[in-house]
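Chain IDs A, B, C and D follow the sequence of writing; residue 1 opens each chain.
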Amino acid sequence: MSPDSPQTLVSLANRMLAREGVLDAFGHVSMRHPADPTRFFLSRSLAPELVSEADVLEYDLSGEPVVATKQALYSERVIHSVLYRMRPDVNAICHHHAASTMPFCLADLKLRVVTQLGASIGKTVPLWDQRDEFGATNHLVTRDAEAISLAKCLGANNMVLMKRHGVTVVGATLRELAFRSIYSCRDAELQLRAMSHGDISVFTDEEIALAEKFPEATLARAWDYWRSRLPNA
Amino acid sequence: MSPDSPQTLVSLANRMLAREGVLDAFGHVSMRHPADPTRFFLSRSLAPELVSEADVLEYDLSGEPVVATKQALYSERVIHSVLYRMRPDVNAICHHHAASTMPFCLADLKLRVVTQLGASIGKTVPLWDQRDEFGATNHLVTRDAEAISLAKCLGANNMVLMKRHGVTVVGATLRELAFRSIYSCRDAELQLRAMSHGDISVFTDEEIALAEKFPEATLARAWDYWRSRLPNA
Amino acid sequence: MSPDSPQTLVSLANRMLAREGVLDAFGHVSMRHPADPTRFFLSRSLAPELVSEADVLEYDLSGEPVVATKQALYSERVIHSVLYRMRPDVNAICHHHAASTMPFCLADLKLRVVTQLGASIGKTVPLWDQRDEFGATNHLVTRDAEAISLAKCLGANNMVLMKRHGVTVVGATLRELAFRSIYSCRDAELQLRAMSHGDISVFTDEEIALAEKFPEATLARAWDYWRSRLPNA
Amino acid sequence: MSPDSPQTLVSLANRMLAREGVLDAFGHVSMRHPADPTRFFLSRSLAPELVSEADVLEYDLSGEPVVATKQALYSERVIHSVLYRMRPDVNAICHHHAASTMPFCLADLKLRVVTQLGASIGKTVPLWDQRDEFGATNHLVTRDAEAISLAKCLGANNMVLMKRHGVTVVGATLRELAFRSIYSCRDAELQLRAMSHGDISVFTDEEIALAEKFPEATLARAWDYWRSRLPNA
């Protein structure tokens, strides 16, 4: 496969985000088909660190693989299919349960921008609680209705916190997504560490607006660095 | 030996749980003999990360090796023999002192389910204090009476906290045990991190009941991932 | 190139400080030209861990490369050019956003000397807030006016905290700079850990004066150690 | 050299304790000459992780090398020479600045035994403050008078905390010393983590007395494990 094939890029993104502590045995990264907006690429059910090109399947926007398969699939792939339907501007999605952001999903805390790189978070990070609309569940998002509710809560923002569950992040490109997924975790970690020692100073909305768009060169520099850290880069 | 031999599986489980931070120089994992419920497999006395197939011995339910040996044995192997006697439904056991769960053994804290994967903990985690029944000891569980007291406190639950000591975890299968041992530690860590920043929201008993049983595919996906992270996987 | 060439040394320092957790995908280290004080060496725009000799360019004190290049350059290189202009005693500079020191840039905390090695911090660490003079910005230091303001705040000290941004450290030599960059981070980490458990005891100014100058042998021992930890040392 | 030569053992202990996070670029481990109690073995000045057999020198109890050398020596080697003079029962010494124990040297905290393995700490851990007797210093222990004051504070105990500096640990054997150095750090870390969440339960003096002596098999199992983790074990 070409080094720029969606399968290769999705494999790389999965492995990078695992290497950088965003993903562990669970969580997943997808990208929209570059030529056909009604399709997207996502791995079969597999730990992100192990995803190779051959594991990446093509799905339609109902969340079903284009080529029927007997392989196990992610039960939460509906998060991806629904978000690609409802957010035409989104071309890459990550769903994760990183330790850095989980305190914001468990305690009553607001995720704020505390550094220039963290500005990729954006001004507002909504919080979705599956309980509100669906009552007692196992907290997996496996039905269209659940994913639609999540997508509505996300709105036009860059990421949404999921109460007692994790985070879903979106990006206009796969590189932007990787950057935002990693630096929102780093920002969250810095915020938590600092808050333990008193009130903190955060970016204003005006400052976030000035900082939140990163030039392609910045995203590429970070992407190349993270790729270089993979065992078989 | 076959890749599915109990010796191979016990060796793998020891090395995985060491790699994932559940075990260090101490702690141990055992599994019941698949064909003879009156026997179980456990390493000779050795740091878990170093346990190879050849180090795994067969024991009877009195805690003695089936084939006499001059090798040093774990002084706390009675935890395993007694639990296999008192819990016919249990086919795998881990005893550990992970840093993630020790605060729950030292401070007055309740281990709660805070994520879907953490639901493997179950609804109730009892706390056993060797002091209550046995007064001042060196805190090792080396006598049948001590292990029986521990087993009674565990009851029908999945794990028991041991005051100033560590944790004992049980499973219906070795994969379930590995999953529960690792994700109870991860859940504990997340809970501790979040609690440092205020009151937290946890799973209700109803939600735990919906989440606590994991399909074999989920356990296998995690097992395969952890195995892939071993130096000589 | 000679193993003592500025290009080699700057490459080594970048990789060391990345390996020791001071730098990640961003941040940079420079040194003044040993023979021509109006020149300095700094990498092209690249993650520090990836900087090789061939990536290190020679700059003049206006912050422009001596040999014109189409390669991307660090947008914040003005921090280096201005500091070399305003501090003739400084021969090496590191700009970083280490997790250890960020709480001091976010919360209202004073960075204090708590160990002998931490005395390399010096008696006073000023805090610069880009907001004070320049209002709402993206928090990058990319204009001479911003770097001059930062340099004035630094004054004759060894390092300056940058509010919501990071740290800039200076040294008389590259080895002193590496030592100070690493041990100020370690000292910060120790201070944060200890402060979580009550009031702490710190070095007095008199003690800092006795401890802050490190013999070349000490700097070399640490440098050799950090170099030995690099993958291709 | 023989695998049991003091030089080999001292090299191994230095590298192990560095690998396990007790030592970093600084700190040192020594052992008394097995045949001549008026001599001891300690590395020349070098980061512990880099200490090979060839770097280990023989010293007399005045702290001078038996064979004159031009190599740089540890400035704090007087800690070793004085303790070997004043504690005939001590055959191995470690001086370190581990992050785990530093909060106990900075804040007003008592290091307590919280686990069976931590019982190697013993009942009492005195705290020495160089300031009390010597006023303002750079906090290095380089003179006999300073080391004698430290030794008096240590008394018959196993370890002594040094205010704003670090820890000195002693053992009857090198293996006991390695075990105590590592498990006192682990115990300290567990204590700190637990104390962040409320009052903790600790071992009583009676329980410490029952737990503090470890059989040679336990020390050997841990030693073999730590040795196996060295890059060139």
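As a working rule, a contact is a pair of C-beta atoms (placed from the backbone, for glycine too) under 8 Å apart; a residue touches a chain by one contact, two chains touch by 3 or more.
Each chain and its UniProt protein: A, B, C, D = Class II aldolase/adducin family protein.
What you are looking at is a predicted structure, and each value in this text was computed from that prediction instead of being measured.
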Target chain D, source chain A, minimum contact steps: 2
Interchain contact steps from chain A to chain C (minimum; 1 if touching): 1
Angle of the C-alpha superposing rotation, chain C to chain D, to the nearest 5 degrees: 90
Chain separated most widely from chain D, comparing mean CA positions: A
Same-site or different-site touching of chain B by its copy chain D, using the half cut: different
Separation of mean Cα positions, chain B and chain A [Å, integer]: 33
Gap in Å, rounded to a whole number, between the CA centres of chain C and chain B: 46
Of all residues in chain B, the ones touching two or more other chains: 195-196
Chain-level touch network, classified as line, ring, star, complete or other: ring
Chain-chain contacts as defined at top: A-B, A-C, B-D, C-D
List of chain B residues in touch with chain A within their complex: 114-117, 119, 186, 189-191, 193-204, 206-207, 210-211, 217, 221-222, 224-226, 228-229
Residues on chain D engaged by chain C in the complex (per definition of touch): 24-26, 45-47, 49-50, 72, 97, 99, 102-103, 106-109, 136-140, 163-166, 192, 195-196
